[in-house]
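Two complexes are shown next, each including chain A; its partner changes from chain B in the first to chain C in the second.
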Partner chain A sequence: MIVCVAVVGHQNNPLYIQSFTESDDVLKLHHIVHCSLDVVDERVNNPKKSGPTLNETFLGLLYPTENYKVYGYLTNTKVKFILVTTDLDVRDADVRNFFRSFHAAYVDAVSNPFHVPGKKITSKVFAKRVSGIVQTFGLSSAG
Partner chain B sequence: MAPAAPKSGDAIFASVDRVNAELFTLTYGAIVRQLLTDLEEVEEVNKQLDQMGYNIGVRLVDEFLAKSNVSRCVEFRETAEVIAKVGFKMFLGVTASVTNWDTEGTTCSLILEDNPLVDFVELPDTCQGLYYCNILSGVVRGALEMVSMKTEVTWLRDMLKGDDVFELQVKLLKQIPEEYPYKDDE
Partner chain C sequence: MIGVGKIKQYTNVLDRPLSKGKQEVSLSAFAFLFSELVQYNQTQVDNIAELERRLEDAGYAVGARVLELLCHREKGNRRETRLLGILSFIHSTVWKVLFGKVADSLEKGTEHEDEYMISEKELLLNRFISIPKDMGAFNCGAFVAGIVKGVLDNAGFPAVVTAHFVPVDGQQRPRTTILIKFAEEVLQREARLG
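Up next, the complex of A and B:
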């Protein structure tokens, strides 16, 4: 179950944050996303020597906390996508696919001439697409 | 030498130089954004886009006639079909359909299901009165004026405002006969 997705700009400013649970610990999720940014910065500044780093760096599992897992993805413009999920067994390939679709939706949203780079993403189409991607993620990894 | 037969829209589209669609879309988006920043009034921007389209249309029609080799249209119905099938295909890469003819045959609607100008675009709440594709209405008006038809072109449906297609209404106001600037010498 994906509980939250977030898009954070290159100055660590939030561009889009959406939670998918009914419970009202939305603030806790925001806090988790915020803390995970530190981990992202750490990974970015000390790149692991093993493994090549691709252009769209999939950062992988940032840190498991309580019952959540946090995954990160970095674009080449230093925009970060954060995914918080409660699933215990999540396949790496699924998360990669998720981020790929998410990246495509993000690119379409910022190509809108009325979108101001650096400001929050207000596109309803983007929100709908993200909900769609989140739902298919849940389905593909279930069972 | 016999004149070449009129080529179909697809054939001409395949033979002209092409540009990347995303570049075209993003350039047009930048133009609209800049107009909004400079003029601030949505109505003014609509007018400017129409004027820009008009200037494009008066020049575009010569290229259109040169490349497509269509024969003279006998009546307005034919003109509308040619614009929809050959004109739009040649310049935008999409075909429009012609519907909603009125009884006199002077008003029709061009329906565009796909419009490369509006890829990725979402109108913000502050610009709800904006006709984003108004340049197209200017182009059609300008082009028809150069072939002696005075028209009024308006948008009936707009996908950016929630409708399912783009509908452009073209109304023929009058046919202007050719006027010579000098009197015939006796």
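Up next, the complex of A and C:
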């Protein structure tokens, strides 16, 4: 079950944060996303293996907290996508697919000539697409 | 069951699905739009440098979006961290998507370490534009320079990009060169990466 998705700009400024459960404290999710940014920076600056891993966009499991798992994805312009989920057995391929569709939705939102880069994403179409992607993620993992 | 598996025949031409279409825009439509853009900016400014800066800003917005789109669509999601990598990306992929062909040449400047040049015999943009004598060295390629600047800045390689005319013997129209001058930190990072 995806709890929260976030888009963070290249100066670590938040561009879009959306949570998908009412039960949890939204502030706690913001805090988790914020802490995961440190892990992203660490991965980018000190790669475990040099070579092709240096350029990979999908960062993988960033860190597991008490009942959440946090996944990261870095685009070409240093914009980061953070995914917080409560599932215990999430397949790697599912998360990659999720990030791929999410990246497509993000590219479409940024291509809007009225969108100012660096400001929050206010497009309703983007929000709807993201909710659609989140719901299909839940279904494919459950099956 | 008879009829199952038959291809659906559309009786009404309006019901047929739209084809994906060619990913191209007509050059005349673009030239018209671009000339309007230049004319509009000309009325707003009183000197040439300001006009060039405005065209560059317009190109910057395009460059930022083109980078996101191309990296997602074409490059298989690999992030460029090396100077030569990002330059060849611009020289081939970006040029191919924008102008339908790769740029004519990519050269490294001889006087300074941080200068690179992309040249084109005739920029597609400038094909229907002639500069009046009193405008001097103004080049509408400032728009393309802005696009390159947008791509470089957002990929993490801050640079100053300008467009120049370079006269070539044997050719009545001068060649256009996009001059890219990278910031100091880019060269330092490149030296560190080895």
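Assume the second predicted complex is superposed on the first by the 137 of 143 C-alpha atoms of A that agree within 3 Å, B and C clash if a C-alpha of one lies under 4 Å from a C-alpha of the other, contacts with A are read in each partner's own complex, and residues count from 1 in each chain.
The definition used in the following text is that contacts are C-beta pairs under 8 Å (C-beta built on N, C-alpha and C of every residue); 3 or more make two chains touch, one makes a residue touch a chain.
Because the structure is predicted, anything quoted here is derived from the model rather than measured.
> Report for A:Lys78: first if it touches chain B alone, second if chain C alone, otherwise both or neither.
second
> Tell me the contact category for A:Met1 with respect to chain B and chain C: first, second, both or neither.
In the superposition, A:Met1 contacts neither chain B nor chain C.
> Scan A:Thr122 for contacts with chain B and chain C and give back first, second, both or neither.
Once the two structures are laid over each other on A, A:Thr122 reaches chain B alone.
> For A:Thr57, decide between first (touching chain B), second (touching chain C), both and neither.
second
> In this superposed model, does chain C or chain B come into contact with more residues of chain A?
C
> Could you tell me if A:Pro113 is touching chain B, chain C, both of them or neither one (first, second, both, neither)?
both
> Mind working out whether A:Ala104 is in touch with chain B, chain C, both or neither, as first, second, both or neither?
Second partner only.
> What part of chain A is shared between its chain B contacts and its chain C contacts?
Residues 111, 113 of chain A touch both chain B and chain C.
> So in the complex, which bits of chain A are touching chain B?
Contacts found on chain A: 108-109, 111-114, 122-125.
> Which chain B residues qualify as touching chain A in the complex?
Per the stated touch rule, the residues are 22, 25-26, 29-30, 32-33, 119-124, 127.
> Touching chain A in the complex: which residues of chain C?
Where chain C meets chain A, its residues are 61, 64-65, 67-69, 71-73, 75, 77-81, 154-156.
> Tell me, which parts of chain A touch chain C in their complex?
10, 52, 54-58, 74-78, 103-104, 106-107, 110-111, 113, 117
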